[in-house]
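In the two assemblies presented below, chain A is common to both, partnered first by chain B and then by chain C.
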Partner chain A sequence: MQLTNRSKVVSNKQMTLAEKMYLPAILGGMWITIRHFFRKGATVRYPEVKREVSTVYRGKHVLKRDEQGRENCTACGLCAVACPAEAITMDAAERKKGEEHLYREEKYAAKYEINMLRCIFCGLCEEACPKQAIYLTPEFPAANYDRSNFIFGKDKLVEPIDKRIDVSLRKKVHTS
Partner chain B sequence: MDLALLLDKTILILILFGVTLFIAMYSTYAERKVAAFLQDRIGPDRAGPFGILQPLADGVKMFMKEEIIPNTADKWLFIIGPGIAMCTALMTSAVIPWGKNITIGGHEIVLQVADINIGILYVFGVVSLGVYGIMIGGWASNNKFSLLGAIRASSQMISYELAMGMALIAILMSTGSLSIRDIVENQHGWHWNVLYQPLSCLIFIVCAFAECNRTPFDLPECESELVGGYHTEYSSMKLGFYLFAEYTNMFISSAIISSLYFGGYNFPGMDAFSGNTLAIIGTAVFFAKIFFFIFFFMWIRWTLPRFRYDQLMRLGWQVLIPLAIFNILATGTWMTFKGQLGF
Partner chain C sequence: MPKVTIDGRTIEVPEGTTILQAARMIGPEVAPPAMCYYTKLKTSGGYCRTCIVKVAQGSEKDPRPMPKPVPSCRTMVMDGMVVENETSPEIVEARKGVVEFLLANHPLDCPVCDQAGECHLQDLSYEHGAAKSRYEFDRRTFDKINIGPYVQLHMTRCILCYRCVKTAEQITDGRVHGVINRGDHAEISTYVEQAIDNDFSGNVIDVCPVGALTDKTFRFKSRVWFTKPMDAHRDCPTCSGKVVLWYQGEEVLRVTGRKDQWGEVEEFICNECRFEKKKTSDWTIEGPRAIDRHSVISQGQYSGNLEIPAHTKKKLIK
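The block that comes next holds the complex of A and B.
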């Protein structure tokens, strides 16, 4: 009884004598493997050689400063809300008198932590940020032996004043 | 007993011992490198330049590992097993001629530990003793996987030894001697046995793969079915000995294949040289052949998948042995009639 019209006739032919000897097939296999022997592998020797990544690669985060070197972040928490992996936590604090050169607005993040093991580098935090404070950079979070070292605080996230990080390309991704 | 002879042989044995261990050691490295290259990878490259020191690292690792002897194991046999495997693997090299004689200041040094007139039989005898190392190890572990592996190993090695011996008889017929030195001398220049006895050569190589438990005949230790086969329960350097014995066997079988079928230290155009130059070039050529065959072993390993056990037995008993017998018959016929028909 034919149930469907997709049935296939299976070939169950006996092997010929030449095929039964296997030798041609073995030689064919060896020819294939030896060609691979001389092929260049795709391996990148990582710590010495770094694979080139896209200029808009989503890697380690940076907390941006403005032109006068003040932190953009106001600890509104929108990034933490947007984060699907719940990797971001922060504590807000009020800016004191005399700290105007450090923080751009009256409120700032006293503590800002991203758990790099939870983070999935989706970039939703930078999309959510109303203050253009957080961006992803093409850098990788370095390997480590201890899980606790993967919780990056402000010391690792805020961009250094003397070594500003260019995120214009990431910005373009969001405006276009 | 001549003291100089004793000294010669002692030094030669020590050198051979060192060279065998060294080559076996670097075979592990070569295996990983060849595997990597065949799979478009790079392989070990962290220990030293190009990973040259990898075998040392592996060795240290083997020694540092905890040594476990299972409670239910037969302790003495469990310890003796790897020792036998290693011993038999190292003993075979005694009858292999490594090159022509070297003369230093009128003193002639024979590059062969013992040129006994039954060299080939000696090799076969020692190789079949090698089964004991595996069998004892597998049995003493008191583990079903080990026992299965050991049984597979012994039946496989015994089955393939038959075909191997049969294949060799054709060579013995054409050479008329069991001494490996004679067999090698008989292949002067390019008159290699492989050109005269291709079928015998093919059977011998296939059987050598089976004797060494190398893929596609690695059923005794197939990881995917038997965990580790006969060495499942072994750890530390005792496991190292088994693995080492396997690579030593590979080196020795490469040497035997090269000397029986691929001319040993003979090479085309060897008449242009003489004396020590010839001996040294010959030895170098011999080792080049050996290295090629070691590579060949690895090449095959990463090309062919493992046989099923019934396929293995069918190939051994129903294909290789009849073929070998046919080859003997053909050789005999040819030898009988070649003079009479005016070839």
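The block that comes next holds the complex of A and C.
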């Protein structure tokens, strides 16, 4: 019984002499393969070459500092609760006297870890953050041989004070 | 027995019942929110004005409406009274104004506050408040006061509900803290900055509807929604010993009293249970505490409150 119109009847016809020699078919295949040697490759040689990404690409996270260089994050846990992959964990601590130049509010994140293997780069942490502390940057988390190295701590996430990361484009995504 | 109609639902209540209590007897659908009223504390209520309702008909004998919204926690029911709560747009609007006033001086430091997630002011502003603040002046600030090793006072967050003062007055013997100054300058304080040392002083943490009085031993340890509540009890010589343990992993981070549907503790617990007993071996665990699934605390918890609809149940049993 015919179910659809797409079914094809298989022909059982005998091959001709030229077809039986196979050589023309092999050469035809070779021609296609060799032609590709001289075409532009589909891949890039990462990490020496990086593919261009959108300016609002969601890559590796950054923990922002404010204008005075104090960390914005107060370890409120909203990013962790918003995270669908449960990639974020943190420990809070109380700011001591004399640390006012390091942390903006009386509570700060003593430990802040993102498991980059779990993270799906959805940007919900950024959306949940009430302190504008976490943003996604167009950078990729670097490749590594060891899975444990993909758990990024504050050393890899907090933006360096002398090398600020511009997130104004990501900020625009949320305001528009 | 007087009959009262609240939001179209009639109930017969004993003489001397307040509108708020009558509404709570009907159910949470009609019960007005309350920030300062506390069933277990005498003379509480009447400060915050969040429980205001409209009395459309005073009583059977005198059917005139009351001229202004009345605080339901302090108004007794009369026979034939008709009350409008959520059904009155006027009340919804007025309550929005009350919430705005309560939030006018509130610092909104929820990301830092340990009460976040179980804060009545958060719930109130979420359910009854406006989404945006119109207040653009500096909020009031206070000098920090240390009120002992167990309780942390954040005066900026206080809404002056007087619950803690009444707890200290009625539950503990010999009150050492109260409200000083007046009006906008009013402030919770211990006299001469005395430490609160009383067996039941820790209960001010549980009665506080906001994060003004929080547990110092839990301070910044975790957020409430990352901890798992378990009902537990122990033989305590001073109190009932019925508590909720808040676990993170194997560790008990916090001990609180058991709160009922209205956010009020069922039984006050002593300081020893609350602050000293933080080992599982101190307690007999009864099981996970049922948390309303709309609460943020229930996130990531898959036990309890699972209701199987009747028709599905039949299929499952087959």
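What we mean here is this: the second predicted complex is superposed on the first by the 137 of 176 C-alpha atoms of A that agree within 3 Å, B and C clash if a C-alpha of one lies under 4 Å from a C-alpha of the other, contacts with A are read in each partner's own complex, and residues count from 1 in each chain.
Everything below uses one rule, namely that a residue touches a chain if its C-beta (ideal position, glycine included) is under 8 Å from a C-beta of that chain, and two chains touch if they have at least 3 such contacts.
Treat the numbers as computed from the prediction; the structure is a model and nothing was measured.
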Quick check on the superposed pair: does A:A18 touch chain B, chain C, both, or neither? Answer first, second, both or neither. neither
Scan A:A93 for contacts with chain B and chain C and give back first, second, both or neither. second
Which of the two partners, first being chain B and second being chain C, lies in contact with A:P130: first, second, both, or neither? second
Please work out whether A:I120 is in contact with chain B alone, chain C alone, both, or neither, and reply first, second, both or neither. neither
In the superposed arrangement, which partner chain does A:T33 touch: chain B (first), chain C (second), both, or neither? first
Does the superposition put A:T43 against chain B (first), chain C (second), both, or neither? first
So in the complex, which bits of chain C are touching chain A? 109-112, 116, 219-223, 225-226, 296, 299
Chain C partner, complex, touching residues on chain A are 74-78, 80-81, 92-94, 105-107, 130-131
Can you check the complex and tell me which residues of chain B touch chain A? 34, 36-42, 45, 299-300, 302-304
Would you mind writing out the residues of chain A in touch with chain B in their complex? 26, 29-30, 32-34, 36-37, 39-43, 45
